[in-house]
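For reference, the structures are reproduced in the following blocks.
You will see subunit A twice below: alongside subunit B first, and alongside subunit C after that.
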Partner chain A sequence: MKFVALVLKSARRSKRRTALTVLSVAIAVFLFSALRAVLDGFNGAAAASSATRIMTIRSTSMIFNMPVSHGETIRSMPGVRDVTWANWFGGIYKDPKNFFANIAVDPESYLRMYPEIDVPPDERRAFLEDRTGCIVGDGLARRFGWTVGDRIVLQPGIPYYGRQDYPFTIRGIYRTRGHAVDNQTMFFHWKYVDERSLVKGQVGWYVTLIANPDQAAQMARTIDQKFTNTPYETKTDTEGAFLAQFTAMFGNLNLLLGSIAAAVVITTLFVAGNTMAMSVRERTTEIAVMRTLGFQRRTIFGIVAGEGLLMAVAGGLLGVAIAKVLVNGENINTGGFVPPFGVSGANMAVGVVLSAFIGIAAGVIPATMASRLKIVDALRRVA
Partner chain B sequence: MGLITSYNLRSMLVRRGTAAMTAMGIAMVVAVFVMTLAIAQGFRATLVASGAPDNAIVLRKGATSETVSAVLKPDLPIIESLPQVARDRSGHPLASPELVVIISLPRQSDNRPANVPVRGVGPRAFDVRDTIRIVEGRRFTPGLREVIVGRLATGRFQGLAVGRDIRFGSTSWKIVGVFAAGDASFESEVWGDVDLMMPAFQRGGYQSVTVKLTDPAAFDSFQAALTADPRLALKPARERDYYAEQSQTMTTVIRVLGTFVTLILSVGAMFGAMNTMYAAVAYRTREIGTLRALGFSRAAIVFAFLAESTALALLGGVAGCLLALPVHGLSTGTTNMASFSEVAFKFRITPGLLAAGLLFAGLMGAAGGLLPALRAARIPVARALREI
Partner chain C sequence: MLIELRNVSKSYRRDTIEIPVLDGVTIDVPEGDFLGLMGPSGSGKSTLLNLLAGIDRPSQGSIRIGDTEISRLSDSALASWRSRHIGFIFQLYNLIPVLTAFENVELPLLLTSLSKKQRRDHVMTALGIVALGDRAAHYPRQLSGGQEQRVAIARAIVTDPTLLLADEPTGDLDAKSGADILTLLQRLNQEFKKTIVMVTHDPHAAERARRLLHLEKGTLVEQVPS
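This part shows the complex of A and B:
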């Protein structure tokens, strides 16, 4: 450890070069952490899903509806504690570009089964009492500058909801307590929409709360069997499996972002490794003198590798710090296509470990070069 | 100018290792740039290929895509009777009333369910969309529960081989053929008779009507005639424009992501180039002093060093393009946000894209080399000559 001072000294030798290297590692680690955070946002929603909620959709596809009578059938089955239902409304707020999820729900049972939706008690009461009321996520409210009491109008996006606009009053703004619900959604009364729908009694999906999470798969089968050979066959899955399908819709996102992240790391390896090699070459004479004075090969190796490690980790810390400040759902508007995300402690730890890896990998060759230097040759060299 | 530039380019060879490392850093950036934009290009090309220049698609007024559109059955003869609609030899109007519904089929790759569009088409669909070719089996027979499957869909989803049955819309359908559509998004779809699909999916009307116009220029009068008819609440679009717009959301997302990542990454690679060039200037201080003493101007020195770093970066750019090239033609899939269904497409690297990659590399080199080049020009001659 007594050589730390020496490592620091050699890092200060060319301040500009050290700064450039630290910055390029910082950029790489920043990018890496940001990409990881986005991926975690996608995967996290599925991972944080509830084990006791299972979801039922039409077996053909989600865009087909089921009759509302399925709800009572499911409720009467043993092992079922609660049932709620919802429908994708697909309404447009002023312009299709303002996309956000707006969902018609059975308000009382939905709020009961999704404790993740956190609404103050008085706003909750006001929402339940107002047939044309709605609640919106705090992220969505911020995006459009809405406050409680505002009137907003949605144009129906799906033909059977007719052509007339649907006015709503914002009765509450909710916050989320878990990944299963994002803060960019608008919920309103299923009844209000159903009254004006051209096709009555339509439900997009059912959510069933089951008593025993270990029986989720079995319950799903029981529900589906109940509706086989009816005109409205169903497909039931755990909430996690259901959400995972949405992630899969983007195609092989893991692979795409993963390869970009790999390219980021390799680029940085080239940059950092190059810098280290340059720095060793410049110091050839100096290193030879140190060896003459009796410094061991492995000490030289340690000093050169240590310098690489130091620069890389400094860059890594800077990178994760920037990522932590800049990358979160608040700053970046993805229009609801990407689940909310933020740089977590684990992302930051991975970033720093990665920078250490870059430092070591980039330093190995130059450090080996330095430690294998032939003293006589090196001393004879000019410049 | 030529002499000094060639001196600089040759000096690059002297420090091969460093030069190669710097170039490789830039190569990686260019490769990422080209590959992500190749996704956007491929996706867009696939959707745009779905539209023919002389076709028009008629949707409900205000509908942004087929899935949210509705065209009533009595509207069809009104549309067909318009004079701008082309006719075949026996005088039948070339119009195809269509319905698109989405079914869920397991993917072959990971057995996960994906949304596959099923399109019910009218009997004239093959004349309206003349790029459709049957590559295996035969066309479906109108009036029978038969379907044909797009070429890309057969490979991507389970159970879509000719001769097999698939179940959707509460009945089973026989697969009788596979069709190609010139790489268009139709190749990811399943086609059958619209008049059988409507009852199977409990629909009372069509979603869209695609017509072949007598002439691409006839679109304006077609549009005028259609919107002027008080019986209709419909809006036509040129088929090509319609599909280009469908690709907008996804291509924008991919482009923004790709550009964002590569821009940030390029700053890192530029720092690498800067390091290399600063070192190059430092090594050659004496040589630079000599050149200046011989009468080369400061501007010439700046130019030569800029040329050196740009050449270095271009080398990296070429390597990056070569790295990216193998993905060309690879097929992948993503969800078309506008129709909520999966579209298979191929990575598409165009000469323009490669040129953009090279330009990008050149810019990185020039930007990274500027400060070191200025520094080289500012070295006082007397001091530079004294250096060992």
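This part shows the complex of A and C:
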């Protein structure tokens, strides 16, 4: 503890350099925490996915539709408790830059099967009763300043929905319970869209509630077998697997984001290490004097390494604090493609540990240099 | 005898060339002595001082200070020994610029088991001896060269070391400040019975020593009673 003051004083030697080093670590940790938060969002969504909900899409790709009659066929299968369906509408609100997920659903069954969508009862009723009504997530409502009763217009983004505008009335604002649903999405009546679209009776995906989660794989096979050798073959999977496939559309996110984070951290490691090495070189005489006074090599090592650790952890704390404030799914428009995310306590802890790692790794070589300094050579170099 | 150097040689290797600096030097220094080491540049006097300080090792010979044969100590034991027995005064003061005068003087005491209060008392006593008690909170840049050297002397004496070693302590000072430093060293020798070995070029500084040794090309050429 006696040497802590010495470490603090040393770190304040060149305030600008220390500040820049702290900032570089802060930026690295901020980026790491932000990327990790996005990954956590996906992982959280997969973890929060229901074991009793399985999803069916076209076997060729989820961008192709299926007939609405598939729903009744699925519903008639043993072990199926409920079925709902949805379509990606891809509507544009005023400007393509205002992108957000807007999905046509069978409202009653959809809300029944997704209790995570929490709508006040009166708003829910109003939504179900209004064919042109919609509900929006509270994050989306905040983003555009919408309130219940507002009228909004979407231009269809997919050709077979026609060219006419689709006016909607906001009948409810939902909150989310858990990570399976985000708060940046707009839901409206599938029938309203279907009656105006150029191709009728089309469904993007089905969601089936099954009685026994242990039979999810078997149920998925049964559903797909039912539509084998039809023009609309299907691919059914659990909700978690579906989310994983959806995520995979972005590529190997873990690898991509992990690589970016690693590159940033390693670069920062070199920057911090170089800065500390410069600092040690400038202090050659001081270190030699301290050794002359009787400071052991290990003490010198500890002081220099401690300085690196102090700066890096200060940067780490700053980085996670900034990430906590700025990186929040509600503040960032992800268009519903990224599940709700934010910087968790565990993420912050990992960020601080990472900064400590940067500090230790960056400090090892300069600290070793300092501790191995030959006193006489160091004194002679300056004198 | 406090210091017994026996047949000490030191040479440095530069690439493949062996450069002899000291050649078979034998010196005895009794306790309480004030020894001046003189000689031209490159004569080996600073090397001799470094060997006495335990910050360099002889190529040959033995160095005994008090009861300790320091040339046989491990690096770690030598560092520990230095912290207890050596006070070193550098030509360029070598104070740590980010530490106040108080903190600079306190630095060697951080290696002891003294409490914070005891350290404070020791530091203030040392600063009092060099008449800088009122400058304890000043940083080196806020002090004159003479004052900086006095702080460096306070740092050297604060642990009450067995031996004070001074390497050209007035070499970077004006005549007046230099004289003050020499007076202070003399006082430490006479009043506080400190054994001092001082390297100097300056004949005026050398006059303050009780005894003078001349080195030339690494060998002792004469021993002059002051």
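The criterion applied here is as follows: the second predicted complex is superposed on the first by the 345 of 383 C-alpha atoms of A that agree within 3 Å, B and C clash if a C-alpha of one lies under 4 Å from a C-alpha of the other, contacts with A are read in each partner's own complex, and residues count from 1 in each chain.
Note that a residue touches a chain if its C-beta (ideal position, glycine included) is under 8 Å from a C-beta of that chain, and two chains touch if they have at least 3 such contacts.
Quick caveat: nothing in here was measured; it's all calculated off a predicted structure.
Tell me which partner A:212 touches in the superposition: subunit B (first), subunit C (second), both or neither.
Neither partner.
Contacts for A:286 in the overlay, against subunit B (first) and subunit C (second): which applies, first, second, both or neither?
Second partner only.
Which partner does A:375 reach: the first (subunit B), the second (subunit C), both, or neither?
The second partner, subunit C, only.
Using the touch definition from the top, say if A:295 reaches subunit B (first), subunit C (second), both or neither.
So A:295 only meets subunit C here.
Quick one: is A:158 in contact with subunit B, with subunit C, with both, or with neither? Answer first, second, both or neither.
Touch partner of A:158: subunit B, not subunit C.
Of the two partner chains, subunit B (first) and subunit C (second), which one does A:6 touch, if any: first, second, both, or neither?
A:6 sits against subunit C, while subunit B stays out of touch.
Which chain, subunit B or subunit C, is in touch with more residues of subunit A?
Greater contact footprint in residues on subunit A: B.
Just which bits of subunit A does subunit B share with subunit C as contact spots?
In subunit A, positions 382-383 sit in both the subunit B and subunit C interfaces.
So in the complex, the part of subunit C that touches subunit A is made up of which residues?
Against subunit A, the touching part of subunit C is residues 50, 53, 55-56, 75-76, 79-84, 86, 88, 90-92, 94, 96-99, 103, 107-108, 110-111, 155.
Which subunit A residues qualify as touching subunit B in the complex?
Of all residues in subunit A, those touching subunit B are 16-17, 20-21, 23-25, 27-28, 30-31, 35, 59-64, 90, 96, 155, 157-159, 163, 231, 233, 235, 244-245, 248-252, 256, 259-260, 263-264, 266-268, 270-271, 273-275, 277-278, 282, 337, 382-383.
Considering only the defined contacts, which subunit A positions touch subunit C in the complex?
It is residues 2-3, 5-6, 9-10, 12-13, 285-286, 289-297, 299, 375-376, 379, 382-383 of subunit A that touch subunit C.
Mind listing the subunit B positions that touch subunit A in their complex?
Residues of subunit B touching subunit A: 17-18, 21-22, 24-25, 28-29, 31-32, 35-36, 39, 60, 62-64, 67-70, 101-104, 110, 112-115, 168-170, 201-202, 253, 261, 264-265, 267-269, 271-272, 274-276, 278-279, 282-283, 332-335, 337, 340, 342, 388.
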